[in-house]
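In the two assemblies presented below, chain A is common to both, partnered first by chain B and then by chain C.
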Partner chain A sequence: MIARERRVGTETPKFVLVGASLALLFLSLPLVGLLKRVAWSGVFASVTSGPASEALRLSLITSLFATAIALLLGLPLAWVLARIDFHGRSLVRALVMLPMVLPPVVGGVALLGAYGKSHGLIGGLLYDVFGLQLTFSPLGVVIAETFVALPFLVMAVESGLRSIDPRFEESAATMGSGPSERFWKVTLRLLAPSLIAGVAVAWARALGEFGATITFAGNIEGRTQTTPLAVYLLLESDPEAAYALSFVLLAVCVAVLISMRGSWMGRRS
Partner chain B sequence: MKRFGLMIVVVVTASLVPNAACATSTMESSKLGGDLTISAAASLTDAFTALTQQFRQSNKGLKIHLNFGSSATLVAQIQSGAPSDILASADLTNLERLIDSGNVTETPKVFARNTMAIAVKPGNPKSVRSVADLVSLPFVALCSKTVPCGVYASSLLTMSGVVIAESKVTRGIDAKTTLSAVANGDADAAIVYKTDVLAAKKTVFGIDIPGAQNVQAMYGISPIRGSKNLVNAKSFIDFLLSEQGWQILKSFGFQRP
Partner chain C sequence: MRCGTDIHAWKLDGEALVSVVLKGSVRQGRLILDMDIVAEDEIVAISGVNGIGKTTFLKLLAGLLPLDTGILQVNGIVLDDVDNQIFVPAHLRNVGMVFQDNVLLPFLSAIDNVAYPIMATGIRRQQARQYARDAMGQHGIIHLAEMKPIQLSGGQQQRVALVRALINRPQMVLLDEPLSALDADARREVRAWLTVQLRSLPGTKFVVTHDRVDIAELCDREIAFMQPQTQLTGNETQTTIVR
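So, the complex of A and B:
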């Protein structure tokens, strides 16, 4: 990293540096604590055996599906929020962001209220007409993960769209390219960094989902028991496996962050 | 064998100690102040909320903090140094774990007994009558095998010779969340404590399990070693074991140990 040129009047006061160091310490200490408890010699054996490996497999599949759905639905929504000036836009944006701040368990209860077979608004209909039960199914896990991951993607892509210089698209338009050609050939290419960042954050969030999943999709071994659920339960029966799984999740998240290099929220370094 | 021995000791002390201790505690109780942190099994949520409300009446200066969770989680919290003055567990195994780790030095007192029951959707749409009927249901909610209500459910099923495929079993993290899978979710039945089924009122329909197939859940309580509020802790335990305390427990469906 190259230090930015400092301007007169913006020098950093000492107490800010102290605060920043404390914040960094606060965030890193638990990570060190986790790493210290991982039994390194047994990590591979722990995560490739029994319930742990099944949980990892299920997590991988469901989180990838959730990310794909978040992308398909989130990109159009981000576009509308970034580029169409309509009445009540800030209200819609607040609604979209709600799952980010909502306690995930409440999200799970809300999902039951919509898609639950017995009490849901349309869950009973889905079951009667299509024989589709989302609760206690891997598809339910995907729904829960998508619910919490989608806002992250929308947020990243919306701010990416806003930071695109409109002149590129304008000149493409003057050269006679239509709206959908412009979308694929110009906008999407300029948007790529934000899009990749949004996908990565959404995927990490989906992978880590706990509260909405256990509330809505349940906790069935090999069916809806994702890695975070397995970590929570293994902590009591097999702590070594729980720490090994935690390490895998941590490593994945670190990898995601490194690959993004701060490009989330439109800032590129 | 070890556990059985402990249980007998516990039952004997439980029946002897309270009366003697009670006399002193009623005299002292108006002077209690400071804090009292009680960690209690999730299945005690309603009963202990009522008990502490009553206890607070005569100890206005006392700040009571209730911490509910699965007994296994509570033990893990205490072992990692969480400041708790009392553990009320839904079994004796978890108190033994605290004795083994040195966090409890006094012999736990057994204060209540509970049994298991089946909870189904209101109106019993799948006509469940017994534990054996659970096999044919799409989804059954049981507690995690790491918490007492899950252990009880497992041994109950074994005793009845009933095997439910793990692919149909959703596991709640404690008794309350397990029951909630039936009351608010799509699970067809749950095996939880009878007191939880009673507390859930009309949101579920309860089916008793005959005594021969059922398990007896023994609830134990102990002060935690190193507690800074030991006087408060002991007074509360005395109150719990008093006749007044028993009447409250009974009103929530608990049985005499």
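So, the complex of A and C:
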């Protein structure tokens, strides 16, 4: 399985191979365990009925909205970070990346601090003026998912923008294309692989969101109970449905990884 | 200025002398470029060691970079005037530019690359492709029309890029080491072809090159970019001081 080492000096020591094998085993064992517990004959029935189907439907809708908002807001932000020189850019970038490392529950608490109806910074205003209540509403789910997904999109698109050879856009300019034509016909086209990767990973992150959602939007069946929340609760009452739902999420994530092949991962193999 | 949808811009009309006047300076990082250049309807070689600012000079002319001081005038029209706050950006100047190694848009076929600048003038895709097809036929590269850049050799890519740069009959042609990425055979062939193309076109043509053969066969005169001490080269007295 492992090719004979051809270069002396950088050959692999035995203990590294042992460590690598253990790591691989550690990562794959739970997946095997999950797949083994799935009651294959009942998967379809489990996820198309009752709270499971409600949760899947809600997850699908909210995560798509969250991804769309992340794209609409993230692309301009990535552009600014990649192409405009300004003081404090690294500070802004650190701020943007914060939700990636922040415990999601803390993110949820922070969202309450901003948009909470009674104590939030602007939550009260939103409620009084527009009658808009974000907490414990599907809209709140979208907000929580966008909050955690946005940084992933920004990161992918920013690195994509940086890797574009500026001469493509420069030569488009000398060929008579104005700034907006260049954006649509050249930049966006060259950016497509990174954009797809960014959208895919942001969507996967939004779909799997748990901590910020339950903290900010709560766990109301049919309203704010997304699939990950349903999985957690069903594990007690209906394990078969919980495993079926888990399998669906796993399948989606595998599909996302495959769609990202060649843009983020496996470019050099 | 760019001619918009004016198709005449595309036809041969044997214009009179076109001149470039550039007096000014620009700073890029540690590089300061001081220029005092007048050029006519001719092919001018730009030479000098790496990092001395030859590409920066082409970018100034193309409108990809504004001057810090001074004025640029082409064919009697002011394109850049720092004191009067005039700057005409690249897409509004009718220039034809080719970079050192090819920058054909990778997602377009050769013919769509050639059609791109025509479409940018407002001509519809169908008709632009027809013009592009005609031009590629005239230049003997019609067989490359439907190929993607990645399927073309270096010499073929460079030819497509040159046809693309010349398609709108630019009033100024800027070539940044157009032959240096080619191997010896392709280089000889493309050079001969390019000489004919450039001769048939009115306006000033600037060619950045290190190659003595390029300078001798392709160009009418040479402007050498040099370090502070003033130097004269070529058979005319143009001085460019780079410090």
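What we mean here is this: the second predicted complex is superposed on the first by the 245 of 269 C-alpha atoms of A that agree within 3 Å, B and C clash if a C-alpha of one lies under 4 Å from a C-alpha of the other, contacts with A are read in each partner's own complex, and residues count from 1 in each chain.
Operating definition for what follows: a residue touches a chain if its C-beta (ideal position, glycine included) is under 8 Å from a C-beta of that chain, and two chains touch if they have at least 3 such contacts.
Computed from a predicted model, the values in this text were never measured in an experiment.
Trainee: Quick check on the superposed pair: does A:A173 touch chain B, chain C, both, or neither? Answer first, second, both or neither.
Mentor: second
Trainee: State whether A:V186 touches chain B only (first), chain C only (second), both chains, or neither.
Mentor: In the superposed model, A:V186 contacts chain C only, not chain B.
Trainee: Tell me which partner A:T213 touches in the superposition: chain B (first), chain C (second), both or neither.
Mentor: Touch status of A:T213: no partner.
Trainee: Kindly classify A:S59 by the partners it touches after superposition: chain B alone (first), chain C alone (second), both, or neither?
Mentor: Touch partners of A:S59: none, neither chain B nor chain C.
Trainee: In the superposed model, which partner reaches more residues of chain A, chain B or chain C?
Mentor: It is B that touches the greater number of chain A residues.
Trainee: Identify the partner contact of A:S159: answer first if only chain B is touched, second if only chain C is, both if each is, neither if none is.
Mentor: In the superposed model, A:S159 contacts neither chain B nor chain C.
Trainee: For A:T67 in the superposed arrangement: first (chain B), second (chain C), both or neither?
Mentor: neither
Trainee: Looking at A:S194 after the superposition, I want to know if it touches chain B, chain C, both of them or none. Which is it: first, second, both, neither?
Mentor: Neither chain B nor chain C is touched by A:S194.
Trainee: Tell me the contact category for A:L233 with respect to chain B and chain C: first, second, both or neither.
Mentor: Touch status of A:L233: first partner only.
Trainee: Need the overlap of the two footprints on chain A, from chain B and from chain C, as residue ranges.
Mentor: none
Trainee: Please name which positions on chain B make contact with chain A in the complex.
Mentor: 72-73, 76, 121, 138-139, 141, 144-147, 166-173, 177, 181, 184-187
Trainee: Give the list of chain A residues in touch with chain C in this complex.
Mentor: Against chain C, the touching part of chain A is residues 165, 167-168, 170-179, 181-182, 186, 189-190.
Trainee: So in the complex, which bits of chain A are touching chain B?
Mentor: That would be residues 109, 112, 116-119, 123, 133, 135-136, 214-216, 218-225, 232-233, 235-237 of chain A.
Trainee: What residues of chain C sit close enough to touch chain A in their complex?
Mentor: Contacts found on chain C: 2, 59, 62-64, 89-91, 93-97, 99, 103, 105-107, 116-117, 120-121, 164-165, 168, 174.
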